[in-house]
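Please read the structure below before turning to the comments.
We call the chains A, B and C, going by the order they appear; numbering starts again at 1 in every chain.
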Amino acid sequence: MPLIEVKTVVGGYGGAPILNGVDIAIEQSDIGVIVGPNGAGKSTALKAIFGLLKVTSGSVVFDGREITNSLPDKLVPMGLSFVPQEKNVFVSMTVEENLEMGAFVRRDDFSDTLEEVYGMFPVLKEKRRQPAGELSGGQRQMVAMGRALMSRPRLLMLDEPSAGLSPRYVLEIFEKIVSVNKAGVGILMVEQNARQALAFATRGFVLAQGQNRFTGSGAELLADPDVAKSFLGG
Amino acid sequence: MSAVSRAGLLYLGLVVFIVAVGFWQGTANISLLLLQASAFALVALGLNIQFGYGGLFNFGIMGFLMIGGFAVTFISYPLNLKFWDSDGPLLLLRALIAFAAGFALVWGARHADRIGVKGGWKIALTVLCWFVAYVVYRSQIDPAAEYIEKTAGFVGGLGLHPVLGWVFGGVLAAGVAWIVGRVSLGLRTDYLAIATIGISEIIRALIKNMDWLTRGTLTVSPIPWPVPGPQDYQASGSDNITSFIYARLGYLAATLVVVAAVMFLVQRAYHGPWGRMMRAIRDNHIAANSMGKNVTRRQLEIFILGSVLMGVGGAILVSILQIFDPGSYQPINQTFLIWVMVIVGGAGNNWGALLGAIVIYLVWVLSAPLSQALFYFISDWSTRVGWGAIPEIDSRAPQMRVFVLGVVIVLALRYAPKGLIPEVVRRDR
Amino acid sequence: MDQLIFFINKVLISGTVLGSIYALGAIGVTLIFGILRFAHFAHGDMMTLGAFVAFLLALAFYHYGITFPIPTGFVVLPIAMAITAAVALGIDRTIYAPLRRRGAKPVTLLIASIGATLMMQGLIRLFFGTGQYSFFDYGENKSIIRLDMSWLGGSRPITFTEPQLIMIVVTAILIVALNYFLTRTRLGKAMRAMADNADLAQVSGINTQLVVRVTWIIAGALACAAGTMLSLDVSLKPDLAFNIVLPIFAAAIVGGLGQAYGAIAGGFLLGFAETLAVFNWATLLRPLQGVLPNWIVIPPDLSLVPTEYKLTVAFIILIMTLLWRPTGIFKGAST
């Protein structure tokens, strides 16, 4: 049974639908990457899973449970986590407080998870008393990822984690994503750096105009000449 | 049902309502109520221009009404010869010179960078100049005020026709609106609301306490009636009630002419290119800005235009009451009441604002006797049951209408957020 | 020395008292703005309402002849704060929450809060008329504390009333408690998170409905404390509210809307500014008369602003802040 299954979802922000029947399915061991041109509905697909916009038809099933149009305060305790593309840290709060907010839904002791996150991003431990707003773009992205991991999710969704980062950080963030996946967290992410991301993706989804165009493993999509020509810039 | 026929029905209902109230309250009373309602209609149209067209939050309506009221008092009240025969004018002239000197000083300090004073020094110099100017002005105006209050009471009026006072009310309100607009437009909406409340409170404090100019809480009366008054009709043989009816209806005719003219002009403006641009700015600030429209300047125009109507309306109201009492102005009666009129009537629609003004004004006034009757009824009942009567009904019952006004706002926002006659949104491109 | 004592009595004490009240009120305004993004105009009436709740409770105690070593108004304060907090929650439920669910803009909520203001004001006046009340009309005395200063060469004592002293202590306790809540507790941090970035707070799984409720509870309780203490210091009037809501908004904006600490700073800043503006400096300068040449005569009244304009000081500071630094001294919300 797949960890998350999006079945022919149609939805949008109230006006004309942006998603016109999207299908996505990944296992907990997968790194799923959604690629596609601007305006294809990639980010919208993630937001639809996370209850941030109205799904008008189709369904979203997480671990066998129907979660269509459920709100985040229900989804996070179930094991979903989401890192938005922009404004993804609490700028006025310290790094540690940011991470604590990720654990808001947990009522147990989360100090071990905190240490795990610090172990993964040592720079955050160094700066844990600093306001997140004072960090660099790459470090903020780490705070955002760390925050999302604090609830110990089974599925981590990231919206363009590499946007606006320097190449050095892009690589670092991708490495972290892979190691999070190795630790047993399913990954579903939207990426502009399509070639780079598909290289480590186990599942790839090419969206255009709110619909699936191609689906396959990352390697298959990279090898497909049609995908390469239309969506990966030749 | 089309928008026009809906509006027509509502206005028909209004006429029936007015006639019914007329039978209940008598012709003399209803004509006075309508007269005041027509002045409030002018003010509501002013707010509709500011809020409905421009999305501007003016919570300082009271201040503009007071300015209008002061203007008509100053223009139409008879000359105070005691003042003109004293040294008062001379002292005031000196205060005026001190004011001008202070103004020049501050102006100079603000341009001190031209002579090489920059940064922190310029700020320090500006603050110092403000302080000096303030002290110099106070040193002249304080003794002048004291002298005038002692020898002549206050400066009195100019003894001109009240209609000139209305015009002056508009002009003065425009001047103040220009200053207020320069200071607070461009702020985000809720800051603007608070800033305008603050400014209207400053205006109230000034008018209330500048006894030498406005007589403050001592009030000025009687302020002349712009058309033949009851006395004139009585002189030509009418009985008391008839004379009041004639005088009030005569005045009502005058205000209706003003309201009709204003209505015609603002309707034309609304449907013209100017109104279209205003709505574009209201609905999408950023887009309008990027299209090269000078947003703040347009907003200033709107703000001044609306404030002029408020100033004129405030002047007309004082002429009706024939008394200028700065102590009687309250944000509830003069600011929030107008907001309720526009929101209930339909922000953005002039016909809606007009309807809202008349309906809400009548409801506001009539709910006092109604709640009093209700209270006496409950009191009777509670006495009979043995719980005793409600004490101080006459002072408490009028407070009921404040509560009713609040309920009306809340219900309107919840169930009819666009008002009785909503704005007609046309897709004209 | 006497001049210094005079200054302490006239400025330091009344400035602190006024500042405490402004600060407690402004915290509520700023928290509501931070969480719900609208200017809550009904806050002044919430203060008045809270004060009347405390007054009624105190009346009950007076009625049964129960007395305490401190003014009863302070003893009943915790109960009154709880009741006012409940009322605040009720107001949110019935008036604001339905509008929020509809997705109404913050300005609509602002207008709705004026409706709430009028409703509360109307009800309060309906029940209490328009007269003045005092907690000290029922047998209790406002005891005055005089600190003898003769050991420092002063001929006059430093004077303040017992309520003023307790009021300052209570304010300090409330501010420390609030600080603890905001920086040390899960919900307090969630509140700051939501004020910082509401969308991200939602995405993190923070129960935003709960945070909204907590906000109303804190704002209502603090409003009650501020209103009660103001009426313990001066008197209780149904139209207490309108005179106070504007300086409180000024304090919140000067401190930076959405910033709890800014609101405290802004409150005290305005409290002192108002007191200093009407302070008669002539009394401080008079001893210098002997040193000054004869042609300089210190006038009897040397206050910066006549007393009747005291309230305008707050607005002038507000307007200057809006002109020069619209985000306030603590960098509040600007969008």
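Note that in this section a residue touches a chain if its C-beta (ideal position, glycine included) is under 8 Å from a C-beta of that chain, and two chains touch if they have at least 3 such contacts.
According to UniProt, the chain labels map to these proteins: A = ABC transporter ATP-binding protein; B, C = Branched-chain amino acid ABC transporter permease.
Note that this is a predicted model, so its numbers are computed, not measured.
Of all chains, A has its CA centroid at the greatest distance from the CA centroid of subunit C. The central chain here, found by comparing per-chain C-alpha centres with the mean of all protein C-alpha atoms, is C.
A count of C-beta contacts for the chain pairs B-C and A-C puts B-C on top.
The distance from the centre of subunit A to the centre of subunit B, with each centre set as the mean of the Cα atoms, comes to 56 Å. Subunit B and subunit C, compared by their mean Cα positions, are separated by 30 Å. If each chain is reduced to the centroid of its CA atoms, subunit A and subunit C end up 45 Å from each other. Subunit B meets subunit C in the complex at residues 57, 183-184, 187-191, 193-195, 197-199, 201-202, 205, 208-209, 331-332, 336, 339, 343, 392, 395-396, 399-410, 413-414, 417.
Remark: subunit A residues 50, 52, 71-73, 75-77, 82, 84, 87-93, 97, 100-102, 104-105, 147, 151 touch subunit C in the complex. Against subunit B, the residues of subunit C that register as touching in their complex are 33, 38-39, 95, 98-99, 104, 106-108, 110-112, 114-123, 125-126, 129-130, 242, 246, 249-250, 253, 306, 308-309, 311-312, 314-316, 318-319, 322-323, 326, 334-335.
Taken in their complex, subunit C has these residues touching subunit A: 186, 189-190, 192-193, 196-197, 199-208.
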